[in-house]
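A, B, C and D are the chain letters, set down in written order, and residue numbers restart from 1 in every chain.
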Amino acid sequence: MNTPNTHTTQKGEFSARVAQHDTFGYDIFSIHIELVGPAFATFKQAKPGQFVQLACRDISNYHCPTPLLRRPFSIAGVNIISEESLLIEVIYHVVGPGTKWLQDQKVGNKINLIGPLGNNFKLPENQDSQIFLIGGGVGLPPMFFLADQLVNYGHNQIIAIAGARSSKYLENAIENHLIPIQNPLEANLYLKQFSRSNTKCIIATDDGSLGFHGNVVQALDAYLSKNPCNNQAQIFCCGPHGMLKSIALFAQSRHIECQVCMEAYMACGIGLCQSCAVPVQTSSNTDEWQYKLVCTNGPVFNSKMILWDKIEI
Amino acid sequence: MDRNNREIKQKYLSEPDLSVTLKNVRLPNPVMTASGTSGYTFELRDLVQLDQLGGFITKSITLEPRKGNPPQRTFETPAGMLNSIGLANVGLEVFCEEKIPLLQRFSIPVFVNVAGKTIDEYVAVSQRLMSFSHISGLEINISCPNVKEGGITFGTDPKSVFDLVHAVRQSCPDILLIIKLTPNVTDITVTARAAIDAGADVLSMVNTFLGMAINIHTRKPVLGARTGGLSGPAIKPMALYLVSRVYQEVAREANIPIIGMGGISSAQDAIEFILAGATAVSVGTQVLIHPGCLTQIIQGIKNYLTEYKIPSIRDITGSLE
Amino acid sequence: MDRNNREIKQKYLSEPDLSVTLKNVRLPNPVMTASGTSGYTFELRDLVQLDQLGGFITKSITLEPRKGNPPQRTFETPAGMLNSIGLANVGLEVFCEEKIPLLQRFSIPVFVNVAGKTIDEYVAVSQRLMSFSHISGLEINISCPNVKEGGITFGTDPKSVFDLVHAVRQSCPDILLIIKLTPNVTDITVTARAAIDAGADVLSMVNTFLGMAINIHTRKPVLGARTGGLSGPAIKPMALYLVSRVYQEVAREANIPIIGMGGISSAQDAIEFILAGATAVSVGTQVLIHPGCLTQIIQGIKNYLTEYKIPSIRDITGSLE
Amino acid sequence: MNTPNTHTTQKGEFSARVAQHDTFGYDIFSIHIELVGPAFATFKQAKPGQFVQLACRDISNYHCPTPLLRRPFSIAGVNIISEESLLIEVIYHVVGPGTKWLQDQKVGNKINLIGPLGNNFKLPENQDSQIFLIGGGVGLPPMFFLADQLVNYGHNQIIAIAGARSSKYLENAIENHLIPIQNPLEANLYLKQFSRSNTKCIIATDDGSLGFHGNVVQALDAYLSKNPCNNQAQIFCCGPHGMLKSIALFAQSRHIECQVCMEAYMACGIGLCQSCAVPVQTSSNTDEWQYKLVCTNGPVFNSKMILWDKIEI
């Protein structure tokens, strides 16, 4: 076959091993999956924004194909532990049969996955740009990985805003969580997954049970009114579409660049089925639009290109 | 002489012959991709050694580009999935410009799936495609349940099936014509016969079964298009029945090969379809989930033939007692 | 007065009204057994509080006793099962002598399912049964896929459906007639309309989907009868689609209630059918596996109505947007 | 409802707990399931020959209904451990998805079951009857339970014949398995599950790897030719239909009463679906026959009543 010879495998289907499994918050868990050999080589290249498709069952058991489809999860971090082995972190909320299955997996169990998938966040060229990483709920995981990368690339003006419905959803990830937050808009090393990159964060909870009382957009707004940013700012965000839309509109009103990491119901995650269509403007100065695939054209998009009004939220 | 024979036999036994032919097109083995689940060309190359397959079937191409149906477009059901993609595709022109040159690089037979709303559209697309010599055949999708404006009527009404296939056959006399049937009919032997009478070379069966899901919290259909097509392991018993029936009642006698599909996930599934009368098989939903299944199925068929000392896959096609 | 109203409302809110009516028969709630999966009478009593159900539907009764098809009669498929029982039953006489007296002890409405090979047989069985006053209605099974000699033809041909239902209706003018449709047709609204035109009071849908399985080692069909009917969760998306379609296109306008079934396993499934247009639901395969599901489904529906503050199940019948 | 008031629950659907899980032989395991409360009361009455229908999955997870159907397993023993709790033993061979799931269950896990189901072996009236308990493969389990009961009821002339394809299938159940069997037709306390009732057994393996070299009928034949039985003998047996048929024919030729415990593909196990039909003579002196249900009319039948020629073996 004359497939271009230069082609190197950018993704693969691999069997991996559960190496660690911790609680992140109420019904939310962090699982570390070990990849070796060819999987190691492939995943060493993984970038923030990318995701994996986990088979939440024994994929070789053809007699019991339920849940049928793989489940997509953002990569929350890549930890290279040796010259042939690395761990990827996935942080997941238990909401249905797939995530329930994940929850039951013990250290040592095998998990089949395909990845890394999708595009990734484009880093700002200027290392001094003011960067906001905004994650809501299980939109946080890609932000942890992005913080790692940004810091690696020398960025130093990073503030993360971690939104949650209530403090319990972050409970086990909070460092020094007994220390009361005096000024909720003062970023600090509150979340373990951010602390590893020394990224300070503001916590915003809908019920005010921890940190700022309000949603992430309100937190950002309040923060900016106290700390107007001079240099060009950029927002990177991930979370429910309602939140992303609010952030996108806010960013647009303030002329802040904004990249959003989208979700979509996925059947394949690898560009085959056209399931994960999201309406996107064809270019910034036209009304024309087309469906783009979250799994291969995304999940990261320039927030201005998304036709939010065409998306059911 | 006798010894020679034995040696030949020996060779057969150690390496069973998996090749099959669809009329004049030889497939190295009977396992192909199903339309709409493996992209246009090399989308799967990172995950599948595509040159090891029996053949490649592209997703459906229509005359104009199509955006497809509004999301949500797929939904998981027990051991199955619903889809209402709505034939989203780049359209004939972009396909010819951008995809066909890539298709040329395939070393295995390539079949392009054609869809449309009118007979004229089917004819236009087919005529254009038949000019590319490395396209081994056209799979005419007369059965997509997700396009309201006609598609499904073509597939369920024997007269329309005949007229459509006849028109394409007349305009493309030489290319291998595979007609893809819908299972959503009372008696599939009738539409199968109509397709054959109108000049089909091969039958491909089956497309998806009509289905629906409801979100009880919003009280709306889950799919943006309300209804969709059911595929995956859940439908296998029904698809197998239909293949068996068409083989027994129509195709065997007419000497028309069948490409069987519907829920195939393992070599065992593929062998069931072959025993029921399928010359080749296509794998759809399972490729979305586990692309590696394609080569595993080929290996599994090989192992089966070896275990039972069957020299060629063709020895068991339709051999169900 | 205002206060009184509020109190009544309060009561409704705390205890939603689950009762529904099939023409003149009131069911305390919409959840019933499906024919052929819950025996003749009290077979389930150790495992289910039968008096809490909405109604009981017996297995099919024919004029003469029937041995049924040769084993193997059932087979598990992905999230489904095939059956080819072949209407094994004790026959009308034994049924009348031994089972009917027991049926009298039910405090919930009882429906007897009737099958046959000829119109005369259907009429004979129905006429005999209508004389028993505690039988609330007859479910006429015109759709069993497992009896070769006719049954399936009745169900798929609109003319035969009309003739059969008409004959039974003429001979049994007063009893509630439920006509059970087969899903194995191109357009189920046509057979539904035929049944209604001929005098059906209620539609029951759907029976099983035709399917088959092959043992690749013996190279024979797994089922003794070669083919069977597919039921269970696997078929739910298809059954739901058919109910929705018949409701929207035929039954709503004709004011004919539908008993929905096909793969119902949970309250969520039952609610989907009700939203799609089913007045009541039947549970088949899941009762074989988990008889306790019947009362769990009733409780689950109650919880759903309570959660969404819906006073009566009837408020959501067919309320799909 | 006017269900007869006198009715007491003879079977039920219960959630039970895995209390013990051991290896019996190659790919064969013994699982002890604890039943308490109403399940205890119901299962205290369980009798040899009866079986349970195990849900080999989480039956409350409607989203993952695979494997769909329950799986039937003979009760291999009932061990009353307190006034409100008992253990039932099930011995199973891993052959497919259901038994694979069973194998994965750990002590403490929950299993949903329906039982006890079916009829039971009818004990000989005469305590001195010569009794042969014959089990092949996973046809042995009901024989273990039957031995317990027979001994309980004062029977004292019991010889068990345990058939297996090879010794490895009994490996972990064999007592003193290092002691070579001198005379393969001399019954002894070889198998743990028989030893608990002091029932001596002969082991017959198809490959001769242990005990008598041959199948169970050959073993019985050989045994009887050395030890002709004077008093009325009875055979109780369970195993593959081919074996049962041979035993039935042998028994008939020797005028020995014989009860067989049949298998059938079951969908429900509780008499609802008519799946488990087996052809049975209507009475012993007629050609008429009917289908009886293995799950409710059986699984135990008088061997003479079964129409063996109508059964595919």
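Everything below uses one rule, namely that a contact is a pair of C-beta atoms (placed from the backbone, for glycine too) under 8 Å apart; a residue touches a chain by one contact, two chains touch by 3 or more.
All values reported here derive from a predicted model rather than from experimental measurement.
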{"item": "Touching subunit A and also subunit D, the following chains", "value": "B, C"}
{"item": "Euclidean distance of C-alpha centroids - subunit B vs subunit D, Å", "value": "47"}
{"item": "Between subunit B and subunit A, distance of the C-alpha-averaged centres to the nearest whole Å", "value": "37"}
{"item": "Residue list for subunit C, restricted to those that touch at least two other chains", "value": "77-80, 232-233, 268"}
{"item": "Residue list for subunit D, restricted to those that touch at least two other chains", "value": "63-67"}
{"item": "Category of the chain touch graph - line, ring, star, complete, other", "value": "complete"}
{"item": "Subunit B - residues contacting subunit D, complex", "value": "78-79"}
{"item": "Residues of subunit A that touch subunit D when the two form their complex", "value": "57, 61, 63-67, 96-97, 100"}
{"item": "Touch list for subunit C against partner subunit B, complex", "value": "77-80, 82, 156, 184-187, 209-214, 216, 219-221, 227, 230, 232-238, 240-241, 244, 263, 268, 271-272, 275-276, 304, 316, 319-321"}
{"item": "Subunit A residues touching subunit C - in the complex, by the definition given at the top", "value": "63-66"}
{"item": "Residue ranges of subunit C in contact with subunit D within the complex", "value": "36-39, 42-47, 50-51, 67-68, 71-81, 83, 85, 88, 105-108, 232-233, 265-266, 268-269, 285, 287-292"}
